[in-house]
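Shared between the two complexes below is chain A, which has chain B as its partner in the first and chain C in the second.
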Partner chain A sequence: MSLGDKLLDIPEFYVYLVLLVLLVVPLIKPFGLPIALTETSRKYFNTVESLEPGTYVWVTHDAMSMTELEIGLSSHAVLKHLFQKEGIKIVIGCIVGEGPMFFEQTLKDVGAYEKYLEGYGTKYVYLPFVAGDEAAAAALATNIEKATGGVDYYGTKFEDLPLMQEVNNAEDFEIIFCVDEPGWNSVIWMNQWAVPYNIPMYCNPLAGVSASLWPYIEAGQIQSMLVGSKGAAEYELLMKAPGRAVAGMDAQSLGHIFLLLLVLMANIVYGSKKVSGEK
Partner chain B sequence: MSQLVRRQIPIAIMVILGIVLFVDFFFKVPETYVAITDEIKSFNIVVAGFALGLGVFNILEIHGKHISKRTPEQWYYSVWLIIVMAAFIITGLGFGIQAESFKFLYQNFFMPLDMTIYSLIGWLVIYAIYIAFRARTVETLFMIVIFFFALMGNAPVGAAIWTGFPDIRVWMETVPNSAATRGYYLAQSIGAIAMGLRTLVGKTRAGLE
Partner chain C sequence: MPLDIINEIGIWISAFFILCVYSWLYRYNRFFKFGEHTLIGAAAGYYFVMGVRNIMNISIRGLSLGKYYQVIPLILGLVLYARFYRKYSWLMRYGTCFMIAVSSTIYFRALIVTHVTQQIAATIEKVSLASPLLALNSVVIVGLTVFTMMYFMFTNRFTSKVQGYDFINKIGRYGLLTALGFYLGITVMTRLAFVINRLEFLLFEWLRLPTF
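Up next, the complex of A and B:
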């Protein structure tokens, strides 16, 4: 086997080994490469920053373990920001079965768990999982009490939760933040909440599906988004609180460069073999 | 009688519910009408809950057969699946999903496994790109060029090398990508409208078969 052939068929083990080193080293010792801020992330941040006290916010916390490592970074940043704002009233719902498993952990991570113990029921409420995907979102839009059975995640009745006396359908909310971990829920909430009730919506999609949301942003049906871990890193920088997302960006850069070099090298070897007539 | 029960009545229910909800979504309707559609939507949630339960029986049936037939290289996985499912169901229903025992099971078994499997996809994709992205045709060369700009526009290192990379990426997303995606969505929506109309006039029975 010639060197060219070997370069065209490097065993997986070596590729993964180099990748592992490239990902781990910057996590231990970050280089601090500058992170360019995108317009979408700025718009998202500025919106949260400008929320007035008394604003009713609907957060769809559609979390799942599969993609929590990516979207959890941005959802934590946004929730932290929301909880830092005084006087905002937040209702958190979910139509993904796994969502509730991440709720308390998310609050602990964003440092809101103690606040939760203090202000639960008046500052914010966490609703139970509602089955039925888009039909569930539609049901929540028209009557939250009926869709949830009139209880929150902990089984507390709405009549004992002052915040739930003030809101009961999509029309009562002024803004939507959608934590979209499954990859298609932004469109569900846009269809059933944002567009029919004319509510501005901001979402946190996976980097891999963000491209499919651009037409909706261009059309003004979704106002902006935080794309994957890069969006989370930008948000952390805008909050002046660099965290896990920022720390992971150098690793992402090295991983990207390594992949580009692999593809480039393979194509140079492949091209030269083709030109020289080798099979 | 059998045809009536198995086809006509379900189709009639489907058509009536479809029309009722269609009117509710697209028109301003009186409060009494909204109350009726609220009930229908709530009923949908109950049905979805039952569907989840039905899934359990479906899994039991499929994997029960594997176990009883001792399907080679499968039956012991089926046994394990049923044991794990039973553990989750018993703990969840018995103590509730907020109980520490259920959280322990979820956070120490399901969550790390699920996260690992999804993360492994990223590694596999990297190797797959290295193997597949060879400029064998003009189309693949075109794809590699797009891949290059998308990657450099996304990672911070791209902007560190040349500030134009993020701008190119934004242009790719907002112009060619949006145009193609919009076309796809429009085609998909027209198909959904056609499907919806067929359902409303009782021509589609896919859900009943």
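Up next, the complex of A and C:
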């Protein structure tokens, strides 16, 4: 058996084991590798930073358990920043059933729960999950009260929520943040809210999904985005509050290098076998 | 029961299920199967509750307020279950048709502007001959966009035999593979983020290891 065959025959178990070591070591003892700031993350941060008091903000928190592990990092960072801003008024909507399961925990994690519980109804409102994906987003855009049945997530009627007397459709909002975007939801909100009503939109997609959103950013339909855990780490650095995303970046870098080496090795072996005429 | 103890029990249950799921890396086993089935069961139960809550908020509440038209979506939803009775299974077509019609109408309304006209405009607007590099960039963007679309739209028995068309097909394929490579590369970040997040949980919340 040649060296190439031996390399290709390494049992998967050992590959996972090496990857595990490479991920665990930097988590326990971080190296502090540099994190380059991208223009998209800066633009996102500067927009939140420049929000004026009295701005009506539509936030979508479509969290899912299978994607929250990555997007949760950036949604935490952005929600923390949004809730720190004085005077802005936030309405949070959701068209993914699992969203509510994560929202309250997110508020507690970002330290906004106690502070904003007092301002509930005037500073922010959390709407219930509305089923129907694209149809739900369209219904919310035209009439929030009809789409939700006129109650928030906790069952409080809109009549008892002062903020919901001030807004009732997409035209009432000045900016959209899709802070927890599990898959194709940014495109749904873009289709039904951002483009038809000409509202600037920012989103936090999974890194894997972000690749398909670049054309919309290039076309100006989405203004900017935070790309996965790297975007979250950049945002934490811009906020000067390094947290969980920054802590995981060393492990991300080592994991990427290892996987890149595996891809290179497999291609070199495959190429050399092809050149030598082996099967 | 004090909150700390409840949290601690939650952490141990979480850690147990994470280890159950990751045990698949060794081989398919009963622990993995248990974790998988528990997740599916819990998710089904959760979604059932959310669905009921949604119906209560919108339809039932609407009916109680005198909005009798809310009975229409209720009926359309109920007829979906007619599929379980062979004699009445044809009824489900009405519910299904309504759902598909509404979704596709709403989607197509946005499709033309967001996915066609604005995308074409953005591609053309990016064309610039201000410098050799920008000109090359423009050629690559416009060329790959057009050839990749041609690869999809004109691949059939006739066009694949047209002389010179292979060249266009090939460039279209290269465009596609470049895009797929980008997708795959960036998806690695997502997968690693999932693992890192769970490792952080196991190391620092469950095992309570210190960081240095």
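Going forward, the second predicted complex is superposed on the first by the 263 of 279 C-alpha atoms of A that agree within 3 Å, B and C clash if a C-alpha of one lies under 4 Å from a C-alpha of the other, contacts with A are read in each partner's own complex, and residues count from 1 in each chain.
We adopt the following convention: contacts are C-beta pairs under 8 Å (C-beta built on N, C-alpha and C of every residue); 3 or more make two chains touch, one makes a residue touch a chain.
It should be emphasised that the depicted structure is a prediction, and the values quoted were computed from it without experimental measurement.
**Student:** State whether A:267 touches chain B only (first), chain C only (second), both chains, or neither.
**Tutor:** First partner only.
**Student:** On the A-aligned overlay, A:215 touches which partner chain: chain B = first, chain C = second, or both, or neither?
**Tutor:** Both chain B and chain C are touched by A:215.
**Student:** For A:143, using the defined touch cut-off, is the partner it touches chain B, chain C, both, or neither? Pick first, second, both or neither.
**Tutor:** In the superposition, A:143 touches chain B alone.
**Student:** Let me test your reading of the model: by the given contact rule, A:206 touches which partner, first (chain B), second (chain C), both or neither?
**Tutor:** In the superposed model, A:206 contacts chain C only, not chain B.
**Student:** Is A:100 contacted by the first partner chain B, the second partner chain C, both or neither?
**Tutor:** A:100 sits against chain B and chain C alike.
**Student:** Scan A:29 for contacts with chain B and chain C and give back first, second, both or neither.
**Tutor:** The second partner, chain C, only.
**Student:** Considering only the touch criterion stated at the top, classify A:259 as touching first (chain B), second (chain C), both, or neither.
**Tutor:** both
**Student:** So in the superposed three-chain picture, is A:237 touching just chain B, just chain C, both, or none of them (first/second/both/neither)?
**Tutor:** It touches nothing on chain B or chain C.
**Student:** In the overlay, answer first, second, both or neither for which of chain B and chain C A:38 touches.
**Tutor:** Only chain B is touched by A:38; chain C is not.
**Student:** Residue overlap on chain A between the chain B contact set and the chain C contact set?
**Tutor:** Residues common to the chain A contacts of chain C and of chain B are 12, 16, 65, 69, 97, 100-101, 130-133, 135, 138, 147, 196, 207, 210-212, 215, 218, 230, 252, 255-256, 259, listed in rising order.
**Student:** Per the contact definition, I'd like the list of chain A residues that touch chain C in the complex.
**Tutor:** 12-13, 16, 20, 23-24, 27-30, 65, 69-70, 72-73, 97-98, 100-101, 128-135, 138, 147-151, 155, 187, 190-192, 195-196, 206-208, 210-212, 215-216, 218-221, 227-230, 244, 247-248, 251-252, 255-256, 259
**Student:** In the complex of these two chains, what residues of chain B are touching chain A?
**Tutor:** On the chain B side, the touching residues are 25, 34, 37-39, 41-42, 44-45, 47-49, 51-52, 97-98, 103, 106-107, 110-111, 114-115, 117-119, 123, 126-127, 129-130, 133-136, 144, 147-148, 151-152, 154-160, 163, 166, 170, 173-174, 177-178, 181-182, 185.
**Student:** Within the complex, which stretch of chain C touches chain A?
**Tutor:** Within the complex, chain C contacts chain A at residues 25-26, 43, 46-47, 50-51, 53-54, 57-58, 61-62, 102-103, 106-107, 110-111, 113-114, 118-119, 121-122, 126, 179, 182-183, 186-200, 203-204, 209, 211-212.
**Student:** Which residues of chain A touch chain B in the complex?
**Tutor:** 10, 12, 15-16, 19, 33-36, 38-39, 64-69, 97, 100-101, 130-133, 135-136, 138-139, 142-143, 146-147, 153-154, 196, 207, 210-212, 214-215, 218, 230, 233, 249-250, 252-257, 259-260, 262-263, 266-267, 270-271
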